[in-house]
């Protein structure tokens, strides 16, 4: 398991201190919700660290062993949900999984999603990120037989109430194979998907 | 236009009094959210009145002229949403429309919906009723080119919050052709669909 | 139909890339919720693009054919709601409609609204934008016989809760011809009004 | 001033005990939110007591002196709001006011309201009860120059959220002369209107 | 009556244009929620205009006739509520009233409030501004016999939810003489208090 | 310490089984939120058990040793809050405390509260129950120097939202010595007050 | 996979009709949220059907093959959460899993939970049901390395808001291996746990 | 007792004025939610004033007498909650208490908390700060027998809703010895803990 730091609510000094300690005992490290300054501090400690500015992830991926027994599909509707999807993908990868990314498949253009059915069917577990009405997990859940982890995103405006609409939609999904994590919690989705994919 | 009475919040005496006055000047009458006692009172006034207990509608449909220029599709996901759908259908019919009912087409079984594509394409305006996550209008909206009137229903439990989840989902629909009415407001959806279908 | 891009949640590079692809295949383009930088990027691609800073709309309107069968009335109460009204108006125009704008007709000065009754009666479909208590659609709905699309705006303070008060008001409208779109969703209102106005 | 008992949350015994004590020292008594049993108990104590079942008010009105300097207008949109209006009216009357009741004047039928303009103009203070979207106080507020006390009612369904929609609407009224009391608080409105009407 | 402009949601140009028109026909003008730039623009038009930065009010008070029949008491608990109190006070003054300001009388130090009892008793109408738990109007309402207009303020943090706690508290006041306006709506309170104080 | 059973959510059989086991090892037992049937079952087990129907408490108080170092004041505004106050009182008593009950001291009649100042000053810890606006703890908190445990009650209607208004008010108390328990949680308040009163 | 019917929102006739059709093609059937009348109707169709009144489940379990690769732990804090736990357990069993039930292990008595550590460690996936503050999944999540499916229950009162407090708590869990389903959705948790447990 | 100023909502001038007056009559002063400018102004008045930037506290601690009868434990889960914990600690210290700080003991790593059991058992009153799901007070409450004051913090994202999830969790704690203060109200917790710790 990689070590993980949640950057939010910490100072760059605190992050750097924790990162240094963790890098001494673990090959891999994931820092989420990092500011650019935090990213720079971790890069000083480990030049191989990668910084992904759109999701705010910093990843140290020194041990790239694959532990997953199959593929994880990471799916989102459109461009705006990509940062959350990226957090999920980077998490799953650093935990030793092969991840298939499927984007631009919103529910209002259902045939683009159906065109990806082979990829969907190939997944052992699916992560679905969606903002606005958050309907994508229900549709994906109906297409696949595997567990679906739904991630509401805060994308939207007005009555999306910063992701509340998507969250409520996913909790009320009529697809029985859907569970839900917190709004914008790509990390949590990637983490649980990895645990599931290791089973076997 | 038929005359309309909202039964909720009125006494059977009040309903009977209003119904009597309206029936004297109008061929058609729609009473919504009626109790069985209200229905009985209206049937005393007009034996042809029909009572639909599951939706609570009482309808006097003496003039059955068709005013609509095309078909209205009335769509819902499952058995539980049928009462709201029925209110919409009865309203649209009494306002002079031909209505195509499509049920049992939830988003978690997308192919059942796609199998109805011909009927959907044939509609000049669509009414879509859904509870729980309320995702069906977005999917229908992406399939058809006509206006879609979304009706959130109070079907669900827990975090559906009596239809709030479905309502928020529909307001945040990524399909541009969707507008929304109040929770369980099948009447309103049938009414506006009729107005739209008369245009031409 | 014009192509449409929602600027919010995208980078200027993403917007420019999408715009370039769409302009190659479509005469008209609408970019909503655009930053000034996005507007500049689209103007580089197409010098005729117009930028409307108060609503954040960028419009490429190369084909100005009128498809609407009648007039769309776009109505708001006061100065502060004008940006949302503008988004609705620009959308309806680029989709081939003639739009009548009626502003400064709040419900607390009902005679200013009644003075516009001729214009209202002339509309085939009405868009009504209102913040604060969001009462204008109910009053307009009672005056006209056509469909009314209500747009709650986030204008207000305190217990307006960023448009929630107006949204709830409109969903509970006692006028039967009112449907509702998301808070500040002028685009959606303009889009659906255009679909309705094409019928015939 | 009459003595007042809020029946809700008390037992009939408690109500009877308090009523007996108050009737010994005061000519007038108002009991609100009374159950039929409470009403019967007060009638035992004072046979002149009147019971108004639809509003749940019991009134002992032995001293009918008029203290108000002018008329109070009590206005509501429709049949369903009448119980709350009645509570306001009975309160204002027992406090020594002449009350003009104006009902069936909803905002979606604005001309019925305008037809009552003389009565409205004659009022020294206005009470306006409305459920659903709660828009009536804003329209009345714009027509009259006197203070308007708005009473949201719990009438409605779905997104009315038991009067919340009407309450928020009234708090955000664009008419400057509107203040608001609690949902269904006809008593409070009648009480404050009486205080205002005594000034002079 | 003075003319009134709500600055919020308008541009400085719009404000200046409206102010110029209004100043040509009215002696007094009140501009609320004004930015410093708006204030400067009005001062260019009328050098006597006063700017009150903490409340954001700009006032042109050329006609200082007193129309009020008695005194208005304007009361708040502490330093943080003063801006809202100031908006109420300036409004009432420009509408021709004499205003008694009573501050630093929070409910947790009840004797400071009781020490002001003479001033309170002298008022014909009272305005009470309070944030946090919003309890002051109930206590004042119990001490005075006149109408009390309660203004919840957005002062507080955490579970004050930007004034919601104070608003709900005031709506549920156990004092019968309390009505409520929107959060931070000092203007509305001053306006209604002035209307009441003119009666006689 | 007495043993405690929360009756809510349990069947009478479950309650009787737990009560039997606990009575075998403890002198005192408190059963809260009990139905009459649960009360009867406990009385079968222990004839000395007392049933308090208004609060739903069943108490077995075989060991009446006083452990408290001083007095606990239990205060509420009016008749309707008495059931919650009773639950707090019975809890504190069975835990070995002497409790002073002070009722009918609402914030809108502040002098009734001030008349009880000697009793208040005598308390080592105070419990204050209030519904509606929930302002009483702030006023009591300002009068006493001891810790105040505030209990919001669900008494009220409309915008009290089943105790939410009182809860928020108490959480935002401007008195620094106030902490809060759940709505209607008289038991919790009595329990913590007992713990505090044992210190010494 | 067993066939599943959600009883809520259907009539007994509808349930019986669906059950008959499904029993003809599937060995196992699960009916959730069933009324006693629905249960009786299914028992008429299949005498082996079991009815579990506390959870409202009816189960036809003709094929008892074990498909799960390991054990599912089903955990709850106390007596009141047992009905939801039962729904999860029955679902997982009918889907071919061996389920270990661990109850009476609330977070306020942490040692009772720690005493069950062997059983917890033995699980391949854990279901945790909790009402009130909903903290149990976080503690369990920290103890085990497997995926945890958290089920908020509607058990509680006051500020539990019918399970909202537990739901929010679980969504914000600081344990990374927790995902969440709807309030009281024992079925969903059992279903997803079964899917996970089949992997291998 | 030290004097206390709440910096929020005041200007630096106001704070400096109040501080000067209070320092003339009191040895100790606590300024909470101070901006750096406020801190500088107080340091000008009293060079011994300490500024704690992460919590925003300024403390003048000239009289360091210990009044507490025992130790106060101040506990939080992680780095992000430290500012709120610090506010509580500084408050308790300036009120004459010895405070034991226990941090980094989140519920998802229960053994780190259990390792601190001696320190916990040693406390006469405990303060527990937690964001996200806010579960720590329940676990601590089950371990200790003393009163626990729970402080929800605004740490978290998405469905933490700025501390609402933690607040609701704590109000619904299944541990009977827990009371709650406002979100981020470290001061209030420190204040009440001090009052309790002085008893004896």
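All chains are identified by letter, namely A, B, C, D, E, F, G and H, in their written order; residue positions are counted from 1 within each chain.
As a working rule, a residue touches a chain if its C-beta (ideal position, glycine included) is under 8 Å from a C-beta of that chain, and two chains touch if they have at least 3 such contacts.
The structure displayed is predicted, hence computed values, not measured ones.
Engineer: Show which chains lie in contact with chain E and also with chain G.
Structural biologist: F, H
Engineer: Going by the contact rule set out at the top, which chains touch both chain F and chain G?
Structural biologist: For chain F paired with chain G, the chains in contact with each are H, in label order.
Engineer: Would the interface of chain C with chain E count as same or different, where same needs over half of all numbers used to appear in both copies?
Structural biologist: At the contact between chain C and chain E, which are copies of one sequence, the residues are largely different (under half shared).
Engineer: Pick from C-E, G-H or A-B: which pair repeats the contacts of F-G, with over half of them the same residue pairs?
Structural biologist: Comparing each option in C-E, G-H or A-B with F-G, the repeat is C-E.
Engineer: As a quick test, compute the distance in whole Å between the mean CA positions of chain E and chain F.
Structural biologist: 40
Engineer: Indicate the whole-number Å distance between the mean C-alpha point of chain D and the mean C-alpha point of chain E.
Structural biologist: Chain centroid spacing, chain D to chain E, equals 26 Å.
Engineer: If you average the CA atoms of chain A and of chain H, how far apart do the two points sit, in angstrom?
Structural biologist: 35
Engineer: Can you check how far apart chain B and chain H are, centre to centre, with Cα atoms defining each centre and the answer in Å?
Structural biologist: Roughly 56 Å, centre to centre.
Engineer: Return the residues of chain A touching two or more other chains; collapse runs of consecutive numbers into ranges.
Structural biologist: Counting only residues that touch two or more other chains, chain A contributes 158-160, 164, 167, 171-172, 176, 182-183.
Engineer: Between which chains is there touch?
Structural biologist: A-B, A-C, A-G, A-H, B-C, B-D, B-G, C-D, C-E, D-E, D-F, E-F, E-H, F-G, F-H, G-H
Engineer: Which of the residues in chain A come into contact with chain G in the complex?
Structural biologist: 4, 69, 124, 145-147, 149, 167, 171-172, 176-183, 187-189, 191-192, 195-196, 199-200
Engineer: Which of the residues in chain D end up touching chain C in this complex?
Structural biologist: 77-78, 106-110, 114, 132-135, 138-139, 141-143, 156, 158-161, 164-166, 168-175
Engineer: Within the complex, which stretch of chain C touches chain A?
Structural biologist: 6, 8-10, 14, 33, 152, 154, 162-164, 167, 182-185
Engineer: Taking the touch rule as given, give the residues of chain B at its contact with chain G in the complex, in rising order.
Structural biologist: Going by the criterion above, the answer is residues 79-80, 155, 157-160.
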